[in-house]
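Notes to accompany the following structure.
Chain naming follows the written order as A, B, C and D, and within any one chain the residues start at number 1.
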Amino acid sequence: MKNFGFSLSKDRQIDFDKSDKRIMDFVKIEEPTFNICIACGTCTATCSAGNFTEMNLRKMITLIKRGEITGVRAELSKCMLCGKCSLACPRGVNTRNVIFKINQALEKYSL
Amino acid sequence: MNRKRVIVIGGGIAGMESAANLASMGYDVTLFEKSQELGGHLLGWEKLFPTMRMGKDVVKFLDKGVHLAKVNIVKNSNITNASKNGNLFTVSCGDGAKYESEALVLATGYDIFDAKRKEEYGYGIYDNVITSAELEEIFLSGKPLLTTKGEIPKRVGIVHCVGSRDEKVGNVYCSKVCCVTAVKQSIEIKEKIPDSNVFCFYMDLRMFGMHFETLYKQAQEKHAVNFIRGRLSEACENMDGSLLVKVEDTLAGKPLRMSVDILVLMVGMVPSEGTKKIGTMLGMNFGANGFLKSQDQHTMTSISNIPGAFFAGCCGSPRTINNVFADARSAAMMTASYLEAYDIEERITYI
Amino acid sequence: MKAEGKQAIWKEYQKEIADDKYFYVRSCVRQNFFPGSETTFLRILREELGKDIYEHACHTTCTGIGYHGDIVPVDTMMTVVARQFAMMTEAGYENLVPSCITSFGIYTEVMDTWHHFPETEQKVRDYLWKATGREFQIPKNLAHASDIVFKFRKEIAAKAKYQLINKETGKPLKVVEHIGCHYAKMFPDKGIGGAEYPYVLTGMIEEWGGEVIDYPERRHCCGFGFRQYLVQANRGYSMSCSHKKFESMKPYQPDLILTNCPGCPMFLDKWQYAIAELEGKTYGANGQGIPVFTYEELAGLMLGYNPWDLGLQMHQVSCEPLMDKIGIEYNSETKYHDKNGNSLGVPEKPTVLKVSL
Amino acid sequence: MKYDPFVIPFCLGAIILAFVLIYKYFSWIFALNKTDKHKILKGIFSVRIFKAIKEVFLESLLHRKVFRVNPMLGYMHMSLAFGWLLLILGGTIESKVHSLKMFNTPYEPIFFKFFNHDISMFSGAEEFKFVMDLLLLFVLSGVSLAFIKRFYSKLFGMKKTTKLKIGDWMALTALWFIFPLRFFAESFTSGIYHNGGFLTGTAGNFFASFLPLENLTYIAWWAYSIALGAFFIALPFSRYMHIFTEVVLIFLRNFGIKSTKEYNSFSEFEIHSCSRCGICLDKCQLLTAARIKDTQAVYFLQSIRYNNLKEGKAFDCMLCGKCQEFCPVAIDLNNIRISKRMEFASGNNNFDYLIPKIEKTAPIIYFAGCMTHLTPTIKIAMESIFKESKTDYLFLDKDGGICCGRPLMLAGEILNAQKLIEKNVKLIKELGAKTLVTSCPICLKVFKEDYELDIEIVHHTQFILKLAEAGKIKLNKSDLNVVYHDPCELGRGSGIYDEPRTLINKVGNLKSISQEKELSLCCGSSLAGIQLNSVQKELVRIDTLKALEKNNPDCILTACPLCKKTLAKDSSIDVKDISELVWNGITESKIVELTQNSN
């Protein structure tokens, strides 16, 4: 292979037809309130871990729904499961169990 | 004593309801409808948001209203002229008939945005791109929703704001009903094809009406309808006839592409040709968006710049059915008070 | 795909194209990239169609590359454009025909700006007068060279020796048409067929016997993107754009790609080599790549011109397999000879892409 | 030697039972860790053994705790357990006295009347006859109550009775038959040989009048033996396993062995000690209010025993601890539940990002807790009280601190909780404070149980009370009528019932409610209820509020930010934390003071 000093750039676009939706499918069944998130971000605003890190549950839920799951494990490992997000959520998403179930899915599919 | 006469133009919800109300107050009302059937756009809708009741129930209610109050109905009316001479309005039809009245209510409604103008979505070019109105026709006909190849769609995309809030097509306003229509239709698709995945591509979800938010939550919770915040930049046809859509998922902060088997365009409301035609004949004022303009946005709704000429329903702005009912009754009330020589303009203290 | 839907749109986006008496302005880069193309255009117009087409030895760049590369300020660009107009006016022509899509975009943009802001036009007139003492008329008609070929596509077809038909199967060749971004994306009503479903190349392909394929990434840019290509570190991005298009058109098995922009054929052609070297991946049959043509080259081929006069030996992806498919006669011996029969030297063979030398 | 083939079923059953029990108990004891084994060895030769025996007598035989819940239920259990034991003891003595031998066949006492037709020859025979018949009657009364309970549980103060497994049905059927069959066998025998007492003798004569007893007697003895044998064989596979296991458990407990948050063989003793009496059913709000019917402790333990525990069963629980409070066997249900949740937890956390920066320290550390940050009024009240009392304190989690780890633990993420605990322990130890005050009972429990800090750990109600008693703040008693909601983690969880009440009485008039202290209800938002849905939580919440709002108090007081936030959602009555009422009182008295001064 030749070296031209450049190479193909990685596509930033989410290819929904090919992305990995296993976590989404699992969590949707196990914790149906996963579906009713409106991505308002209240959870992230109150997040104890989010105080100190980039942890963003709102974004994580959105990305999992799109099958973009790289980095989910690392992000999720910061969660202390304290439950502030559950109390703050205006829509009644059981965020703690969403996280618990995402963890299970990560384990189940060795992601 | 001769009864005072009112001409109502447009046999949709607004026209029928204001005609029925005016006639029930004792006026001699003549209702003009350009087609051969009363009911307007409502005839094309199966179920209505947010209650999912049948559209035809509402048509029946309206029908009964005009018949019980003995409204004179002129169907297939081809109005060639409408004008005000002195205190009398005159309307002439294509068959030479002439009608006169002391007051007039314009209820000429809206037209559906021509989705072909949003060329990048490929309506009229790609096989499986349809409009919300066409989807409703499918529901109404009782036929199954199938791709042009006759297959049951696995994925359906719904594009909000087609022809609304879009400077590119010259419509900067919100058509109000499309968001909740999308939610309603996505629920209906899921009820008919439970295995399908429905994706709504929205800019903002404007669930302003009572129970709309509940319907939206129901769509998410019970039917697992997906909502992706991002406007389609374009749709392209894949080899298999499915459509590749491109959006930015603004909540994920990434561009996204996906294939859908059917793409439904939520077409908005535009001022109808009839409104333009008859409003111009009468010399009525139009607002910047091409809908009829009231004398004052807050206090003088339904009241046009022509004394004795009023308007009701979607010829004034996009409205939901319940808003049209309220507007039609308000226009009827304003018409009646005009005929009883009530001077509302007297109350205007501002300039 | 509903053909009538596209036809309806094409009907809507018609454009007036002058019939004769053209003032031709060349492209900066095409003469290097595809040196036979512009010559062929002039030859077809003059010899086949008998048109009056004039070019001025002193015309310069339109500065489009510099303008879009954020190097040349807009006032400078407009003044240079005004100078071209002045030369046209001086030569007694009113119909401007740029060879380059970017120039076409620049002229359109300038004319549209002046239309909406007459004070800007006045300002530029002053600049030009102060700088060169020249005056000008705004062109009566502006058409890209591909518009001209589109206009006379039937006449060319009538004189053609070949058609875009596979001589073995008798079936039309599958052609990808790629329109330069600046042709209609900025001013949709200035392009034949508009921005979403441009008809300018499609019209030629259909007229000359081929079949157009519409693939999902049809509207995507080739990746030239001025600054993207000019800076070496950004070239990966440029190449990725072409790569995206190849991946998207691949399942349709196109026989050739037709373009109307200086940059597009260059990148769609050369990136096939680079992608092959970097990724080991080729498109088209037998690892030979998909040949890319300018509309002038294709018109010349149809008319039976010697492919080496058209400059096809300069292509990275070899054109011979396609010419074989159509049945075009050519002499491999003279491929790398100049017009006097002297050898030009033979290029090095790529490691992955299969080429005919 | 007295022998007849009909004793074989009994003997076989008894031998199998003995083997199974010995095998199980020894393997479980063997699997205990070293420390626990050591405790057993030490315990056997100490006074603890007498305490254990006493407890066995009171709980396993007399069923004192069951009596407390419901006397009828208590009597039923006692008559069966204690009555049967007495019957065995009585029979043994009777047979020994009769044969005048120290050792006779082990089945002889059981089938005494079959082998000894003429028993009038030994002294005291009539007394024995009377006593044995009385005991039989005692046991039979228990059997009939058990029979009635199965079909009419309300009589026993229970709305629900437990659902049965196959093993249970076998054992239960056998058990129902044992004593009636004994009654028939002895009566029939007496009908022929007149060796019965007041019960079996009378019945025997009665049966003899119309039944061919010569044929029936032998069959009856066979049936009696078969019922006994069947019961013994089914026992280890049924809930009656508790009869023996509970005894061992009481000994182990008295030796100082405790349950842990990890499942071990002591947990096996605990789950096999469950008699499935079903007392936990009615105590569970998830059943009574939220209509979840399969998750209560009895079913949960049953699933563990039969190796079919599903995730939902482990997680549909608020760990409010009410079932545990009333469990007659005192099984540590919460710990078992947490230990089983661990099997479903899969998070692998990394809390390296938590680097707390503390510049100063103070003798008293205040840890508000995550939930308190969502109820700022509690935070403000506490900070004000600290300042008012001139307490030198450090607000440890002022800027949103590190979670205490209890929420992770409640979800079964014990290893991850441990990581957080380690971080917090290190931090708190570095600070070198004397007292740790927290506003959150959830934090309090984990601080006390799992942190192993050598400092005083108090809930803010305890702390405020101390401040008041030391005269550091002056409380102002209002004329509000208030009720107090015991937070689960503070009350049943940490045993703190009195201090909040003493404190409340200093600032208002505490009215007692029907379900308080050990009986108190859960607010429904427990962090342990991780998989409960919003409707289920709401049902619990409404149920609890109904009890609290019953006498229309002026204010509902609680001592937990989560309870407060939850109850306030649907309450028509003001819900406050005790600290808020305390601070309100202080500010009010200050205003009065200022007004008087200015006048």
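We take it that a contact is a pair of C-beta atoms (placed from the backbone, for glycine too) under 8 Å apart; a residue touches a chain by one contact, two chains touch by 3 or more.
Note that the structure is a prediction, hence the values are computed from the model and not measured.
Taking A-D and A-C together, the pair of chains sharing more C-beta contacts is A-D. Here the CA centre of chain A is 39 Å from the CA centre of chain B.
Averaging Cα coordinates per chain places chain A and chain C 46 Å apart.
Per-chain Cα centroids separate chain C from chain D by 85 Å. Looking at chain A, residues 33 sit in touch with two or more other chains.
Counting only pairs that meet the touch rule, the chains in contact are A-B, A-C, A-D, B-C. Touching chain D in their complex are the following residues of chain A: 31, 33, 46, 48-49, 51-53, 73-74, 76-84, 87-88, 92, 94, 96-97, 99-100, 103-104, 106-108.
The touching residues of chain B, when paired with chain A in their complex, are 205, 217, 220-221, 224, 226-227, 229, 246, 249, 251-259. Residues 1-2, 4-9, 11 of chain A touch chain C in their complex. Touching chain B in their complex are the following residues of chain C: 1-2, 5-6, 8-9, 194-197, 214-219, 251-252. On the side of chain B, the complex with chain C involves touching residues 116, 119-120, 122-127, 234, 236-239, 244.
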